[in-house]
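Note that chain A is present in both complexes that follow, paired respectively with chain B and with chain C.
Let's turn to the complex of A and B:
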């Protein structure tokens, strides 16, 4: 079971965006901050990005992804951020309720004063770009191959063709070369590189891996396992250029053909999505159109640098903490009025401390059972009696009232809650 | 003899295209750099090219079968595959802490290979 049912800030996703949001929310003064992550560890995509290139903007150091993540994981722990791992958020409501499921905690329902969406993005797949051909094993997204190679210690294949010149594809070209695979070719349908130039230099040029622009995969061959891919040049309208076909024998095809922000949860919560970025519309505080729901990182738009994701996460976490604290102040300004002994209900349900000026406050209530003798209606805060009033009898069919006057207000102000009892005298 | 060489600075993600004017073994001018790191890069790249190497080593009793590692500093480019071969020989024992030295002074380069993350024991 979970420890607390209501958190100040709940963050979905523990990549650089989510971790930065958690750290910033704590530093801004939020007390109960929870990160929910579906993986069994904190860190997000960074854990599989074992190459250097992270942290240049923020730390002025050239760190691998896991080291970069480790700094924020450690900081989050030091600040007392709570986390729930191996837990997937299934639904977020516009009223900031979350439903999640995990092996350890079962089905959980959590209320949040503010939420930060930091679910990152996912890779486009073969089905999304519709590559013709057979359906053998050996066709992976570059990120999947990266997870196999860098975390699970399994090589995706030995002779590799990579479609797409995005950063993940370029980085995997080098990585698989390091592990003894032969990367035959990198193909890009556009006339220019889609990843960073430095990755072209360090990942392809350094190892003489050929890159062809305006080329794509026309057909995937292979019965059980990929045996070859047929590639072709394309013209400006992406039609194959006749006679440009070439067959490259290989056992693996990696796809590095783009990322899409992961926003199923956002949509359910009523968050408006920009059709151009595929992520939520946000204002400068990173708040979405749904009050109290913020978003940062690749879930908003795809970043090329984790450092910038971190900075966006800071903004979102800080804003979420401010929102949560304003809400909390409002909540604590309201003193609940509870139905006590033999009382069915009391209206109003709460009293706003800020309104305790000169107006009288009338409490209206009904009893549970009739009492056919003189009764006492009593308002107390536990130990301390605040107001009382006598009545000739009490019947469920007849509403009773008690008026709190200015002379009671000092006591009301000090109370955590008020309870109304109706007892025989 | 004066010659011009084109390089791409990889010191940061900006990736400036540098044009270096060389007179024999001496750099006369570097153009195209956005910051002064670009000049250092040109010098390094032309006379002693180096790269950071990041890979994995096997770990016993760890939460994962591998732990990611990297060279603390860039190593000479021609030694990249030798460093990788050294890493393949290594198997360490969990628990591992971030920045633990996995290979000291790898191949006499004066550079340590260190762990990129904590790896708890299971």
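Let's turn to the complex of A and C:
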């Protein structure tokens, strides 16, 4: 359950960027750190990346995604990072309030001294590249197919064509082959590979899966389920080369045609987005244009290695913690001035300890009820009286004042809060 | 024992569903059938979602009368059935001086058809009202009674209200032939068996020619599927909130730049006659055609923000207009033919069919009355179909109240459109259960956003399987044959 309404650092997303940010924020001294994750476990997309290749940069080890994530999950738990799972953030305000909801926690409002955006990215879809044809079942982004296969344990298809040579597509070519599916072809519209060469070698070459550059899908056939795709070669301007058309019977088309940083929440919060990367503009501390909102990982720009996302997450978490701690110090410098017995309100609402060296401080107040006899205006810290002043009467229509002078300041500085009472003498 | 009905309605598109709902007001047993796994799978599923003012159809045609009679019925319909509907008004935009006379023609139609609230605007005035419009705009016809709706929501609400009022709905039920007794239709044969009825109403849309031919009516009538393709934009990036028509051509009302009630700008449709009534594919040529046409109205569009493309088929007929002296061969057919008894025949209900649907339903009742049918209003008729909560449209405060009441509304399944598990479960167990992915999508608008279902699909498959008590392998996109998954992965040896 959520315990606090105000957190030092709230991190949205628990992929490599979010987990690293949480760990770094804690290490930097942030006390209350919360990670909000929309899936049922921490780890983000790493959990469905059951292939190896993670950790080479940071641990000098070759780990599968879930194992890589587990190192950070364990560390986060040891450090006391809190988490809300199966919970989606609906809105982030520029004032760093978050609205989130889940079945378990209900609808919650959380205030954060600092926020790290670590929502990662989403996959480009069929519509974005406008592949003509029917709209049957069996057209999946590679990541969705990966989730079906590795998390749900169900096969998305048996005869597969993959469009795009992005890493997830290459990885899925091998993965589906392991599971007994036939990957007919991988097509790439560009004359070069989009993903890592090592993935091409280990996922396609080793399994004799053909890759065709400068080829794309021209049409999707099948009313209910994919029945075939028509492919074609393209020239430099991406026009089809006449006569190059070929129809490949298949039941599945996987798309690995690019990733886009996911910034719908960022935009709501007033974060400025770079139209080139699709992610927020950030400074070297990973702070966005909105003070106290930081961003790291694929939400900023798309990385090719999770290790690098982790490193970016560290930076953002550390910066967010610094920001939160500075804000907290500022907050604790302020002593609240409360309306006590028969007092309607007091202005100022707080006294900044750092200003106690200055001139005297006048408290202005109004009473709730009239008292038609001599009264005493008293300021106390809950136990000890700090200052007092007499008046002939107290009437709601007439403002009262009390001035705190230099001789009171030592007591004021020790107080957690001040309360003003107006009582008959 | 064969099931016996007073009325069988063939086809659960918007026309069939509103007819069924209208009939459900009266005593009598009504059966509504559709060959697909859900209602609203044909022409109603893919169109421009516009409630037309009525300045477009040729005066003195049945099409014109249905349009103009249908348009004002929408406010009551929306109020009773609780679906979103907005009279946003629409513009027919003339580009260049050459197109200005066309506006006068339409204004003349508007007057003859009896359309209120039309006005011709100057070019600068149009630019003032829609800043994205081409600087070459020379004027526009403004029709204040034009509206926008969500055709799925309308059809689902009408069908649901019909079912609430006793209509029997049978899906996956395909009409094959009539059962005749002399010159009287006494029932129909379907792939799910025979059904007996006093009346059969043909609202089979693209397949209405087949249905009437089986009854021996209008052998010369032919439906030509006219394909219309569309682009949909991300509402975060493209916001054109007006309904912009070009001036019409012989191919119809032309490619619009318009908006949906969900806030997405859409472009389309083109209008290409094809042969195959099942071919709802988008084509490269078609998409290029729309793009070029739409850019004439709004030159600033960019393909970068396209999030979906789709195509639909309109049932273009060849029915001659019955009004003497009007030479028009694409009119609606709404009739009780003389050659067979017990048959209400509809055909060629293309655009503005959605707008006309409530008027067509009333016309069918009137024809049946003329044929001697008595219509007694049911004592327990309930015209109100309650709306279900839509999390995405709520304020944060209302969301909190909803989640407090039922925590399942707290779990967001579609991240782009903010559709919750509570909404999905409610649709699965609604009076017309949504049991396919597309059925849930059409009712909740899930999967229609920028990720196009990439995030929600595995989760929806899971929820459907759990709620229906079946394996995820049985869950389909749009009915049998469209299963998402093929088999379990290999078992891991421990």
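Everything that follows uses one rule, which is that the second predicted complex is superposed on the first by the 423 of 425 C-alpha atoms of A that agree within 3 Å, B and C clash if a C-alpha of one lies under 4 Å from a C-alpha of the other, contacts with A are read in each partner's own complex, and residues count from 1 in each chain.
In this section, a contact is a pair of C-beta atoms (placed from the backbone, for glycine too) under 8 Å apart; a residue touches a chain by one contact, two chains touch by 3 or more.
Being a predicted model, the structure only gives us computed values, none of them experimental.
J.: Under the stated touch criterion, which partner chain does A:143 make contact with: chain B (first), chain C (second), both, or neither?
T.: second
J.: Where does A:27 make contact in the superposed view: on chain B (first), on chain C (second), on both, or on neither?
T.: neither
J.: Return first, second, both or neither, reflecting whether A:53 touches chain B, chain C, both chains, or no partner chain.
T.: first
J.: So in the superposed three-chain picture, is A:152 touching just chain B, just chain C, both, or none of them (first/second/both/neither)?
T.: A:152 contacts both chain B and chain C.
J.: In the overlay, answer first, second, both or neither for which of chain B and chain C A:345 touches.
T.: Neither partner.
J.: Once the structures are superposed on A, label A:128 by its partner contacts, choosing first (chain B), second (chain C), both or neither.
T.: The answer is second: A:128 touches chain C but not chain B.
J.: Looking at chain A, which of its residues have contacts with both chain B and chain C?
T.: 151-153, 179
J.: Which of the residues in chain B end up touching chain A in this complex?
T.: 8-10, 12-13, 15, 17, 51-52, 54-56, 58, 63-66, 68, 70, 77, 80, 84, 98-99, 116-118
J.: In their shared complex, at which residues does chain A touch chain C?
T.: Counting only chain A, the residues touching chain C are 38, 86, 88, 90-91, 99, 101-107, 109, 122-123, 125-128, 130, 132-138, 140-141, 143-144, 147-149, 151-158, 179-180, 218-220, 223-225, 251, 264, 267.
J.: Which chain A residues qualify as touching chain B in the complex?
T.: Counting only chain A, the residues touching chain B are 41, 47, 50-53, 56, 62-67, 69-70, 150-153, 178-179, 196-198, 200-202, 206, 304-305.
J.: Under the touch definition given earlier, write down the residues of chain C that touch chain A in their complex.
T.: 232, 236, 278-284, 286-287, 303, 306-310, 396, 399-400, 402-404, 407-408, 410-412, 415-416, 418, 421, 437, 450-455, 457-458, 461-462, 472-473, 476-490
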